[in-house]
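Each of the next two complexes has subunit A plus one more chain, namely subunit B in the first and subunit C in the second.
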Partner chain A sequence: MSAVLEIRDLHLRFRGHSGVSEVLHGVSLDIRAGERVALVGESGSGKSVTARIVLGLLQELPYAEVSGGLFLEGADLNRLSRRQWQGLRGTSISMIFQDPTSSLNPVFTIGAQFAEVLRRRDPGLPRGAADERAGALLRSVSIHDHARVLDAYPFQLSGGMNQRVVIAMALANHPSLLIADEPGTALDVTVQAQTLKLMHDLVERSGTAVLFISHNLGVVREFADRVFVIYRGRIVERGPTAAIFEAPGHAYTRALMAAVPRITGGGPPEPNDGETAFLDPMVVHEGGGA
Partner chain B sequence: MTPLLSLRHVSKTFGSGPRAVRAVRDVSFDVSRGECLAVVGESGSGKTTLANMILGVFGQSSGEIRFDGRALPSRRTLEHRSAIQLVQQNPLSSLNPKRSVGASIRLGLDVFGIGRRSDRWRLVENALEEVGLPGDFRRRAPAALSGGQCQRVAIARALACQPRLVILDEPTSALDVLVQARVLRLLDGLRRTKGLSYVFITHDLSVVRNVADRVAVFRSGELVECAETGAIFENPRADYTRRLIGAVPVITDHELKLRESLSGGLPA
Partner chain C sequence: MPAVLRLLARRLGISLIVLAGVSMLIFGIARVIPGDPARIALGPNATGEQVAGLRQALHLDDPVAVQYGHFVADLLRGDLGVSLYTNRPVTLDIAQFLPATLELVLFAGVLMVGIGLPLGMWSASQRGRWPDHLIRVVSLLGVSAPSFVWAVMLMLMFAFFLPVFPIAGRITDSFEITRVTGFLLIDTLLAGNGAAFVDALRHIFLPAFALAVSGIGQAARLTRANMVETYDRPYIEMARAYGFPAGRIAAKYAFKPSLIPSLTIIGLDFAAMLGNAFLVEAVFAWPGLSRYGVAVILRKDLNAIIGTVLIISATFLIVNLIVDLLIAFLNPRIRHSERGAR
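Take a look at the complex of A and B:
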């Protein structure tokens, strides 16, 4: 069976005043049907740019040079016109960003925004029918007073409520791929934990494949089936979540894990140095559909 | 021995009438000499308001704050201002972008009259070295520093004022995990070698577990629980504390077991 998403040997360079900077050095990644795959690494490692390339957004920048294979359900994305690629966003590929409130449009009600999202797939959908579908979607994220929420503006709702709305909208058109870039990082920990669990259950039920981007190893461990660890634009380790967390093989992954404070205690974490080994070859754990 | 810092029935209300925000409500706790007290709570729970009252940025609406056995006046003396220092979350915005790193650190020495004038650049360099940066970093501009270096400079600036109490308001929340680990170790070591007291404000309970002697849990301006760190993580009393612990992302099975045993039965 072919992958939902396949990224092959992706390279990215930015041309700037002070010359060219290489951001991705041959990233390969695949996500199978129904799989939740995490891309984890520190800030600046190249997680968001990878997502933006899948969405076709970086290719629109005149100073970005992108090369590599990109396939969505077997179809070669590089052969699409700009308009065709735009047409995938919000339909076949949807996304969730860090801050739910700022990713909603402040001047439209939730109901109006749902209608716009649904009309991307279903252009003539009347508002009444859109509200009905939106209501059902809101129920799926445990929002039961959906009439009030549909009439509200984002600023009238809590961050956690907006996050649920964003999750419901992202899944409204039954995308083949959901990209979640640091979802909920701007929210409180209890709200983040709740909404992640909700998103987990929902994508599991609908069988949606997810590219889950995060810098937080704990969150990744709870959410993902498989993990890709990225360091400075290179995948340094990949494998099933359990294998990576039980036996991290790459020096960088081990350093990351050693640096996470444990709720079981033991004092401030002792990061092992030896950054030279962070550039060692990739470690691959087989299994988990890989 | 009297505690270094002592709050008794401290409240802060912003505004008045129906729009009044009761940001801190009847809070009492102590911080002893050499102790690290963690203040945890979600956003809006009143943590920064508390810090501002201790620092004297504004006064409390009611209650008393005592330092070293005496009530802190609403207009702080220079001595109090140097004795209680702050390190904030966002390292870059806490440094003046137009000043060199060294000038930012030196400002405190000049204001508080620490050391002889001719000696102060040397004190600035010492402070930088104490936080693991080379002394000649003093010539750098804040914009030329990484997040971790910036936070080290902010710590050096606080330490150069020879404080007895340092308020750390989410000091590592904006840092990557490898950088966070180094800054946490640095802070822990400095507290021990200098006998400092910390009020360590954070929303991250796994950090708290590893740096704090005691923990004060805040919710909506109220202190819901205050106990030794071990007790908080082994036998939390308040349901809210259990819920907070239940929401911590963990990376080992050992932690998962502890978390489940503490938060078991409660909705996440």
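Take a look at the complex of A and C:
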């Protein structure tokens, strides 16, 4: 059976005023059906750009050069036209961003934004029907006063509430792949834990494959089946979560684990940079079907 | 009370205070400028007695505070006094001349919003590409010259070198249009006279465009700047990640949040056109309030001066009020805040 997502030898370069900077140096990654895969690394290592390449967004920047194989459920994404790729966004692939409140439009109600998301799958869906479906989806993320929430603007809801809304939106159109880029990092720790648990249960029940981007190893351990550790645009270690946490094989992974995550939740831990051992070849843990 | 009503009540209160202040100021200034209004009105051949009689009738020999009291008492009865220039009630004069000015300014406002906002929107969505560069240069050009300069240039271009528009007046004299609203674009339609409507449209286009040019440039620049900022917000990235069409993102999801900060300034620009209209009216011989205003100032026609200034200020305040309400309507944070706006 083919993978939900397969990334093969992905390279990314940005052309800038001061020459070319290479951000991804051959990243390969795969996610199978129903699997939750984490991509872990410090800030600037190339996690978000990888997500945006899968969505086909980065390719629209005139100064970005992307190469490498991208396959969604066996289909070669690179053969799609821009339009076809756009057609996958919000339907086959959906995304959750770091801060739920600022990723919702401040001047439209939740209901209006939800309707727009549902119309990606069902063009022309009338607002009344959309509200009904949105209400049911909100119930699935434990929002019970959904009528009030649909009428509200994001600034009228708490961060945790918005996070639930965003999770419901992301799963509304039954995507085959959900990308979560540091979800809820902006929220306080307990709310983040609650909403992650909720998301975990939902994707488990629906069997949605997830690319889970994070710098928080504690969260990754809870959430992911398999882990890819990325350092400066290279995967340095990959394998089943348990195997990696039991016996981290790469110097960088060990440094990541040793670094204490900041409680304030701001940035990821940043191990002492420039250690030559970090440039060692990739460590692969077999098992978990890897 | 709903937040919007509270906002409205407060802004109305502030407007009345401003209006009272303006009336005192202009009342004082009008009495300080040199020249005896009674003497000017009666002409050099009038006798001293006649002049003194008129001065008394106009309360000109009373202290300024007492004069102001008379003025306010009359004003509250809707009476702005009689113009010494036209010998008619000032209210009648204003009712005759104001619609032409309002029509000009409103039409210019429509051009400003109807051209400026889409230009800015397009520019932002094409950021860094040639349409963006072109629009930025053109809109900078637009804001960098005052409207009377545009008036003269447009008149040269489209009336003398390329005579496609009439250069003076509101409508060709041969059309007989019954006056209903005083807005010729409306009255011609009410009369069912299509030819007259087109004629009025052709007359208003150049002066209104001249008046609007810098506003168009300003609106385009503001809209672009605010939209470019909005495009970097996470909610636009989310809209893209969900595959919303680019045009829809530009016209709806990026435009609306960017419009809110632009609106205040666009509103001020619009109100400023009332003042600029005086110069543009002069260039295009537009029979609006400016001719009347200039004539009465030269004659030191006190009642008419004060009436003209007050009506312009009131229009200015009404425009600001409408803009504030529009912002409150667009911005849910104001509409739903407990304390109303700021």
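Heads up, the rule we're going with is that the second predicted complex is superposed on the first by the 276 of 290 C-alpha atoms of A that agree within 3 Å, B and C clash if a C-alpha of one lies under 4 Å from a C-alpha of the other, contacts with A are read in each partner's own complex, and residues count from 1 in each chain.
The rule is short, and it goes like this: contacts are C-beta pairs under 8 Å (C-beta built on N, C-alpha and C of every residue); 3 or more make two chains touch, one makes a residue touch a chain.
Keep in mind that what you see is a predicted model, and the values were worked out from it rather than measured.
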First (subunit B), second (subunit C), both or neither touched by A:Ala255: first
Touching partner for A:Ser102 - first (subunit B), second (subunit C), both, neither: second
First (subunit B), second (subunit C), both or neither touched by A:Gly87: second
Partner chain in contact with A:Pro281 - subunit B first, subunit C second, else both or neither: neither
Partner chain(s) touched by A:Leu57 [first = subunit B, second = subunit C, both, neither]: second
Partner chain in contact with A:Pro123 - subunit B first, subunit C second, else both or neither: neither
Which of subunit B and subunit C A:Gly16 touches, first, second, both or neither: neither
Those residues of subunit A which subunit B touches in one complex and subunit C touches in the other: none
Residues of subunit A touching subunit C in the complex: 55, 57, 86-91, 94-95, 97-99, 102-109, 116-117, 120, 153, 155-156, 169
Contacting residues of subunit A [partner subunit B, same complex]: 42-43, 188-190, 192-194, 197, 215-219, 221-222, 245, 255-271
Sites on subunit B touched by subunit A in the complex: 42-43, 176-178, 180-182, 184-185, 187-188, 203-207, 209-211, 233, 243-252, 254-255, 258-259, 268
Sites on subunit C touched by subunit A in the complex: 233-235, 237-245, 253, 256-257, 260, 330-333, 336
